[in-house]
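In the two assemblies presented below, subunit A is common to both, partnered first by subunit B and then by subunit C.
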Partner chain A sequence: MPDFPHTQSAHCESGVAANLLTHQGIPISEAMAFGMGGGLFFGYLPFIRINGLPLVTYRAAAGHILRQIGAISGVQMVEKRFRNQDAAMAELDQALAVGIPVGLQTGVFWLPYFPRALRFHFNAHNLVVYGKEGDEYLISDPVFPQPVRCPANDLARARFASGALAPKGKMYYLTQTPARLEYKPLIVKGIQSVCKMMLTVPFPLIGVKGIRFLANRLVRWPQRLGQERADLHLGHVVRMQEEIGTGGGGFRFMYAAFLQESAEVMQAPLLHDCAASLTTAGDTWREFAAIAARVCKGRAHPDDSYPAMAACINRCAALEEKVFTELRQWARQHP
Partner chain B sequence: MDQLQRELLELICTTCNLHDVNLDSIAPDDPLIGPDSKLGIDSLDALEIAVTVQKEYGVRMDSENTSRVVLQSIAHLADYIKENRL
Partner chain C sequence: MAQRSSYHSRVPKSHSTYGFITIGVTPCHKSTMTTLNHPADENITNGLKIISYGVNSKGEYELTPDDVWQPVNVVNAQAWQEIEKNITASKDKIADGRASCLHYYMTANQMDTGLLAQYTGQPRWRVCLHLMPFFFHRLPADTLKKYAELFKIFPDDLTQGRLRPPLYLHQ
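Then we have the complex of A and B:
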């Protein structure tokens, strides 16, 4: 059976990036891949609708981390998309036949090894196929603690799931990696890119400004939309935050883990402090989400209200503004 | 169901306002969330459970993927707490 260093991860894209690099002899944590890949983000994009409701995203666009990892000096990543399902599966088999583990973008709903209750229509789920036995593919799916298997027909269907973010058979693999990664410049570059998105993009729906924009909108939803639609919007925001492959609080925790690891590499205690503040921001996002869940479920506590939730989100904005301002200043001193 | 599992089941019922549940009818490996859940728990309930578990046991579920796996069943949740409790 082919060997692949499967490690369970919190987020599929950063997990796959870390596992592929580790397989190439560059052991790297998921958090480090997430941070170097500039994975953290916030965007409130009401002109993009998911099920008729505005898109809220807490991390960089699907594929961004892998693109950043692929752009590292000395790394070469091949990426292909297909129109034809048979051609896509044949190309996968060819790569596996010469021992290349292949990353795939897939639709979660069609992967039979996911328990039924956990399947949902999300088309940007990443996994690594590292072998084939008979009609079954051997898969390192970062969501699972152990490698899994998937029949060929199901995998083909998952690779060509339709709808938003349709994978179109996307496959990718590493063809070249450096002997070792120069961590320090990659850490600084990753931090700079996230600081830029969170602090300096002039668009008011992006970064810290976007977080405050969401708070200002949310507090007016009951008046503007009526209670029922306001609660519907609220439930949607929370599902986008904690469920649909985005995970607002979760990504703050992961970036905090990246900062902790980076603090050791860079010998920079400030990064430890920033990690602690970002963990508090993650907990505050969760606090907002818990209030929202209670409101949506009709079991609100006496203090739960739209203004209370907006205040929570504004606290997140203040915490993140402080963290990324400090990080930006630190990064300027470490070009 | 061991003591921790029972404790968690009671905590979940309190958190989600499930007052008419026969606790003895729930097995440790029963699906906790989704259409097969005997408790009728959905993703919003799951979120509140994750926050409550963090408050009560000091165990954080760091991501949506972790929550999905951990909250598959009472048995999974209890194991996760045992492994990660300080």
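Then we have the complex of A and C:
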């Protein structure tokens, strides 16, 4: 049976990136891959609808982390998309035959090994296929504790899922990696890109401004949408923030783990402080999620209300603004 | 918040509660969950442990396999309740003769006309027509086969109007 260093991780994309690099002899943690790939983000885009609910995202666009990892100097990543399903599966088999583990973008709805409650039409799930036995593929799915197996035609369907973020059979693998990674510039670059997205983009729906925008909208949901729809919107925000694949607190805990790891690498105690502040921000997001869950469940405490949740989100915005301003200043001093 | 213990309290596995929501891994897992009334199981991942980032007593992050945080179960259950409500509404429509059984399969598999059209390679307006019994009963065999393949059922199920469980409940 082929060997692949499967490590369970919280987020699929950073997990796949870390596992693929580790397989190439560059041991790297998931949090580090997430941070170097500039994975953190916030966006509230109500004009994009998912099942009729506004898009809220706490992470960079699907594929961003992998693109950043592929752009590291010395790393070569081959990425292919297909029109034809048979050609896509044949290409996958070819790569596996020469022992290359292949990353795939798939639609969760079609993967039979996924827990029933998580099978929604979400098309940006990443996994690594590292072997084939008979009609079954051996899969290292980063959110699972152990490698799993998937029948060939189910995997083919998952690779050609339709709808938003359709994978179109996307597959990728590393062909070349440097002997060792130069961590410092990559960390600084990753932090810089996240700070830019969170602080300086002149568009009110993303970054810290987007968080505040969400808070303003959220207060008015009960009046505008009625209680039932408002609760659905609220539940949707919490799902995007906390459901499997986020590491909790809308990726804030994962990013804090990255900052902590970077503090050791860079010998920069300031990053430790930023990690602690970001943990507080993540806790505040969770505080919001806990109130929201009570409201959705109809068990609201007397002081649980939409304005209280908006206040919570605004506190998150203030905390994150402070963290990323500090990080931006730090990154400027370390070009 | 009186008990603002959301994350740090998780490392020494505590029984602290966030209102009605139990946080952390409690041995009395099942009994606390009865209040949550999740339709399928007590945990959305079927007991699968996921990795979560937690701060230990020294303030350092570490990865620990853990159950899903309880509020996630609540909002996930809410999303499924909405889907189930749509399915019931769809079944009523079919029983009244206002929709074809394709409407049930579409709803049960969380699709809309746009997505169904993309999966079957037809224009959306045609799918909309197929949702009406009048047009559905006149469908050619190859179109029925397309739908049947997508939903992993037999074309017979469609013509007979049998409502089989959605894809994610297949064994």
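Keep this in mind: the second predicted complex is superposed on the first by the 327 of 335 C-alpha atoms of A that agree within 3 Å, B and C clash if a C-alpha of one lies under 4 Å from a C-alpha of the other, contacts with A are read in each partner's own complex, and residues count from 1 in each chain.
Note that in this section contacts are C-beta pairs under 8 Å (C-beta built on N, C-alpha and C of every residue); 3 or more make two chains touch, one makes a residue touch a chain.
The structure presented is a predicted model; accordingly, all values stated were derived computationally and were not measured.
Colleague: Which term applies to subunit B and subunit C once both are placed on subunit A by superposition, clash or fit?
Modeller: clash
Colleague: Scan A:Ala97 for contacts with subunit B and subunit C and give back first, second, both or neither.
Modeller: In the superposition, A:Ala97 contacts neither subunit B nor subunit C.
Colleague: Counting only touches as set out at the top, which of subunit B and subunit C does A:Cys12 meet: first, second, both, neither?
Modeller: The first partner, subunit B, only.
Colleague: Return first, second, both or neither, reflecting whether A:His121 touches subunit B, subunit C, both chains, or no partner chain.
Modeller: second
Colleague: For A:Arg239, decide between first (touching subunit B), second (touching subunit C), both and neither.
Modeller: In the superposition, A:Arg239 touches subunit B and subunit C alike.
Colleague: Which partner does A:Ala293 contact after superposing on A: first (subunit B), second (subunit C), both, neither?
Modeller: Both partners, subunit B and subunit C.
Colleague: Counting only touches as set out at the top, which of subunit B and subunit C does A:Val143 meet: first, second, both, neither?
Modeller: So A:Val143 meets both subunit B and subunit C here.
Colleague: Figure out whether A:Gly250 sits in contact with subunit B (first) or subunit C (second), or with both, or with neither.
Modeller: first
Colleague: Does subunit A have more residues touched by subunit B or by subunit C?
Modeller: C
Colleague: If I apply the document's touch criterion, which positions on subunit A are contacted by subunit B in one structure and by subunit C in the other?
Modeller: Shared contact residues on subunit A (touching subunit B in one complex, subunit C in the other): 9-10, 115-118, 143-145, 235, 238-239, 242-244, 247, 253-254, 283, 286-287, 289-290, 293-294, 296-297, 299.
Colleague: Would you pull the subunit A residues touching subunit B in the complex into a rising list?
Modeller: Residues in contact with subunit B: 9-12, 115-118, 142-145, 235, 238-239, 242-247, 250-251, 253-254, 283, 286-287, 289-290, 293-294, 296-297, 299.
Colleague: In the complex, go through subunit A and note every residue touching subunit C.
Modeller: Contacts found on subunit A: 8-10, 31, 51, 109-110, 112, 115-121, 143-145, 162-163, 166, 231-232, 235-236, 238-239, 242-244, 247-249, 253-254, 256-257, 260-261, 275-276, 279, 282-283, 286-287, 289-290, 292-294, 296-297, 299, 301.
Colleague: Write out the stretch or stretches of subunit C touching subunit A in their complex.
Modeller: Answer in residue numbers: 1, 4, 6-8, 18-21, 36, 40-41, 44-46, 48-55, 59-61, 63, 65, 68-72, 74-76, 78-80, 82, 109-111, 114-115, 118-119, 167-170.
Colleague: Spell out the residues on subunit B that touch subunit A in their complex, using ranges where they run on.
Modeller: 16-17, 31, 33-37, 43-45, 47-48, 50-52, 54, 60, 62-69, 72
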